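To start, the structure itself, in structure tokens.
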Amino acid sequence: MRKRLKTKFLGIEVNLPLVLPAGIMDMSFSGLDISAKNGAGIVTSKSLTLEPRLGHKGPVVAEFESGLLNAVGLCNPGIVDGLTEINQFKERSDTPVIVSVFATNTDDFSKLTNHVNKSRGDFLELNLSCPNVFDEFGIPLAASKDEVFKIVKAVKEISRLPIIAKLSPNVYDIVEIALAAEKAGADALCMINTVGPGMLINTKMVKPVLFNKFGGLSGPCIKPIALKLIYQTYSALNIPIIGMGGVTIGEDAIEMIMAGATLVGVGTAVYYRGIEVFDKINREIIEFMDENNYDNLEDIPKLEKLK
Amino acid sequence: MRKRLKTKFLGIEVNLPLVLPAGIMDMSFSGLDISAKNGAGIVTSKSLTLEPRLGHKGPVVAEFESGLLNAVGLCNPGIVDGLTEINQFKERSDTPVIVSVFATNTDDFSKLTNHVNKSRGDFLELNLSCPNVFDEFGIPLAASKDEVFKIVKAVKEISRLPIIAKLSPNVYDIVEIALAAEKAGADALCMINTVGPGMLINTKMVKPVLFNKFGGLSGPCIKPIALKLIYQTYSALNIPIIGMGGVTIGEDAIEMIMAGATLVGVGTAVYYRGIEVFDKINREIIEFMDENNYDNLEDIPKLEKLK
Amino acid sequence: MNKRITLKIAGIERETNDIKTYSFKHSLNAQPAQFIMLTDFEGGEKPFSISDCTEDVFSITVKRIGEFTTRLFQKRVGDYVSIRGAFGSSFFVSQGKVLLIGGGYAVPTFYFLSKVLKENGAEVTLINGARTKDEHLFSEKLSKLGIKVINTTDDGTFGEKGTSVDITKRMLNHHSQAGAWERENGKMFDFVYVSGPEMMMKALQPLLKDHDYEFLFERYMKCAIGICGNCTMDPLGIRLCVEGPVLPKKLVEQLTEFGQYHRDATGKRIKY
Amino acid sequence: MNKRITLKIAGIERETNDIKTYSFKHSLNAQPAQFIMLTDFEGGEKPFSISDCTEDVFSITVKRIGEFTTRLFQKRVGDYVSIRGAFGSSFFVSQGKVLLIGGGYAVPTFYFLSKVLKENGAEVTLINGARTKDEHLFSEKLSKLGIKVINTTDDGTFGEKGTSVDITKRMLNHHSQAGAWERENGKMFDFVYVSGPEMMMKALQPLLKDHDYEFLFERYMKCAIGICGNCTMDPLGIRLCVEGPVLPKKLVEQLTEFGQYHRDATGKRIKY
């Protein structure tokens, strides 16, 4: 049964199409390992920065009926300790690892790349979703095609690993940004990062629920936004896409694939359906394939491209 | 009991704080009337354009677990017939009416204003959320502070009615846009319009559910985004805000008020809770006030402003 | 209840040149007069009344009119379509003597209603009208239900000659003819149901002033979930997709737009 | 179950200089060892074990350590705090002879557990250890439960002299002394529960190798809903906020990080 879910991603055979995305269950080698054991075909590290980051004070997550807000604030142990966890994971598992890194300028991204080159990671993911740094036109880095181009190009020149650009949904023209990444040499895209951000208020205490006040939206509420952006990007580009954003059940994953995703990320749903969510969704994908007479994952059709 | 919900908006006494927003139950005078009878304190017309618009082909709405996508495509009978409905409504009701108009340039907005000047409407709302027209820098009208300034200023000069600028949430810097509207003479803001847009896919037929493929998100999924933008805007501006986006129960309305809204719009929730939703939420607001010892609506505190 | 389901067409039956019945295997659980919104995702999503609904099969009966229905006529058994619903109010299920007055593609709804009324022990009389024999619908299906059917065509090519309105007038006025049914309170029927073109209903309204009745209305529908406001009826603001499509006498009597105008897809009023 | 609730502090009891018990009127429906996340929205949201839970009241017992708990200590009855939970696994409710070994601010959890065990008919012995008399916790409350409590302090200022580990060793080794309890299978207790500083648990582990037991762990918690991965235990990837904080013997034995290191808020490993 499992064989039917095999696929290829950047030349590597991937046994299962689901990806553990950055920031979910990935602070330790054992978190990556349990996710892989539960059916993630690829796992991603927490976005690592040059120095350790404490992140924001709590509450760092806020739940509402349609998803989560989070303001973990890119807490991570720093690139050195982060890579130690990844190497330790690779000692025990064949599952490919995406090393996610975060910075706000080309220099730091390059430094991070040099570290990652020496690790046992399989892919390098650039978290390009920073909304707090602006280019010369006052456009946030995440939305600046020029900044994205510069960073990806610089990293591409020195990276030993294939490069995945992780894109923010909070931009006017996703295709412009994605094309900049592709032109600069990105081998694949990962999208979408969290939406918004948003805010929730505790009405009894008249306070924002998150101490950071604002937090990115994830979970079911963002699925339509993810599908739209993935579809637009798939229609215009030639590199593969890891699609994510609100995938909770098998049918969500099918939607992602039809919108253009090659692999599908499952993050917030770990909360809704447990760490077993990967195997649950794998099974649901197989059920969908049975019902609709698709033999293999790659037989699932994509939408006609946008013109 | 109802007296405790009285408030003031731009110098007018408003009996109830809930607003029927543009696009909901407002194609006919009788739709406005039934909404007012069910507890809307102010009602808004469909966004009217100079000429009638058929809108998109169906499906024009798509439901998902966290809200709705709509692509009605600004269908409306045109400003002349639209104002006839409004006048007919005003013959039967004292409830204030916001006349919403939509255009993509200053000229057309001005022409619309001339029509509205001759109507019995109480407020003029400019739907400034067009994502399909761009300024000279390639920025969508909705996100262009210059375009917003120009339009609001031109309309302000000729409008007999107080002006409400309805803002799109899909911008990098809401405060910049809101300030432009305020500086140009907007008397109030209405926010937020729909988010995204997004897409949903029918997996059996491998087709986008909406014939227009993409549609704006409304309902519970957008509430945190609305709260955040309203709070930022409230913190930076001095004009009142009609807050909306996902308000479904009384506590949502309280959150809107605490974030900075003077009045609260309820749109998609008409689907979830029936046309009686206004009175249901009015009652829930009163219950909240009782539980937390607020005598009047205006005693409900706001969050401390952002610095 | 409003979730979208996507189904293969299980059966197609040609009723007349312009009318086909499509059946689907699905437990829809609809009531008579409720409708679905149907789309093929090729442009357009349109309301159709349920013409039959059993535990696991339901059907709609469609008249080819414009772009959408023409495309639907080209579909074959096994093709997918996607539906939402069932939506809206349903007919009151009366007991006693009831009269159903139907015209055109609105008659099939009465097939479903007749079944339900019969199960409820009502004594059903149905006036099934059409312009001409070729457009006359469901006469065979209805005859199998064991109810009293009065077939009629405007041109007399099938059944009695005359419109449904003519027949109704005759039936209600000529006490001699209808004597056997007449009741003490002067009403011939305990309940009357009307489904057909709006002007037919308008013409029937004065004839039925002594009766209790429900009318089945049609207005342009977009969302079908009560928010777009396209289907409201003046001056009540009744949404036909939620509070309708069936409206009872006491509401019908208040409708100023009934028989006067309806609204098109832009919301513009169109005079009848 | 994980929804945020915002409650007024209903009662505050001073236990020691550094420890207070806060009670809340709410039907939390928690089990022993489960915890809540508590915040005042002034910076920080922290895990605290339930130290008692009845149908409509629950309490937590807090040690003042850093910024957050210091602020909490300034709150008064009637002040609001906001909580999520209860989260996590709970202790197995055993029957027969059971031993509870507790140290420091982890002892109050055992108050709640003891009540539940007693109701279940278990014969409870509890070793309640602290460094010194002033830090010794809950001795009065526990004595009222009708269980056997062995109080102990490292410096002998209250109860027996020695650590909980010393006492346990003595109890389990000196068969003569413990003769009356000993069972045929060589186990003195049907089940052992341990809650306290990690190094205490580590020291107890070899002593308990013949017993069935559960340990209550603590790791840095952020989300408490199983997604941030900050609280996982190597090498199993067990999330203490979901699969823990109570872990059974067969899992404890596989934990390579137990007593070796934990992770701080950045995820960095901190050696014990």
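By letter and in written order, the chains are A, B, C and D; residue numbering begins at 1 in each of them.
In the analysis below, contacts are C-beta pairs under 8 Å (C-beta built on N, C-alpha and C of every residue); 3 or more make two chains touch, one makes a residue touch a chain.
Just so you know, these numbers come straight off a predicted model, no measurement behind them.
Enquirer: Would you kindly count the fewest steps from chain A to chain B, each step being a jump to a chain that touches the current one?
Expert: When the steps are counted carefully, the minimum from chain A to chain B is 1.
Enquirer: Could you please state the distance in Å, as a whole number, between where the Cα atoms of chain B are centred and where those of chain C are centred?
Expert: 37
Enquirer: Let me have the rounded angstrom distance from the C-alpha centre of chain A over to the C-alpha centre of chain C, please.
Expert: Result: the chain centres lie 52 Å from each other.
Enquirer: From the C-alpha centre of chain C to that of chain D, how far is it in Å?
Expert: 69
Enquirer: Which residues of chain D are in contact with two or more other chains?
Expert: Residues of chain D never touch two or more of the other chains.
Enquirer: If I count partner chains per residue in chain B, which residues reach a count of at least 2?
Expert: Within chain B, residues 204, 207-208 contact more than one other chain.
Enquirer: Draw the chains as points, connect those that touch, then say whether the picture is a line, ring, star, complete or other.
Expert: Graph shape here is a line: each chain touches the next, no loop.
Enquirer: Which two-chain combinations touch?
Expert: Listed in label order, the chain pairs in contact are A-B, A-D, B-C.
Enquirer: What residues on chain B touch chain C, complex-wise?
Expert: Per the stated touch rule, the residues are 23-35, 37, 46, 52-55, 57-63, 68, 70, 72, 75-78, 81-82, 85, 92, 202, 204-205, 207-209, 211, 267-268, 270-271, 274-275.
Enquirer: So in the complex, the part of chain B that touches chain A is made up of which residues?
Expert: Touch residues, chain B against chain A: 64-67, 69, 137-140, 143, 170, 172-173, 195-201, 203-204, 206-208, 213-215, 217, 220-228, 231, 251, 254-255, 258-259, 288, 292, 301-303, 306.
Enquirer: In the complex, go through chain C and note every residue touching chain B.
Expert: These residues of chain C touch chain B: 2-4, 6, 37, 39-46, 80, 82, 222-223, 225-230, 232-239, 242, 263, 265-269.
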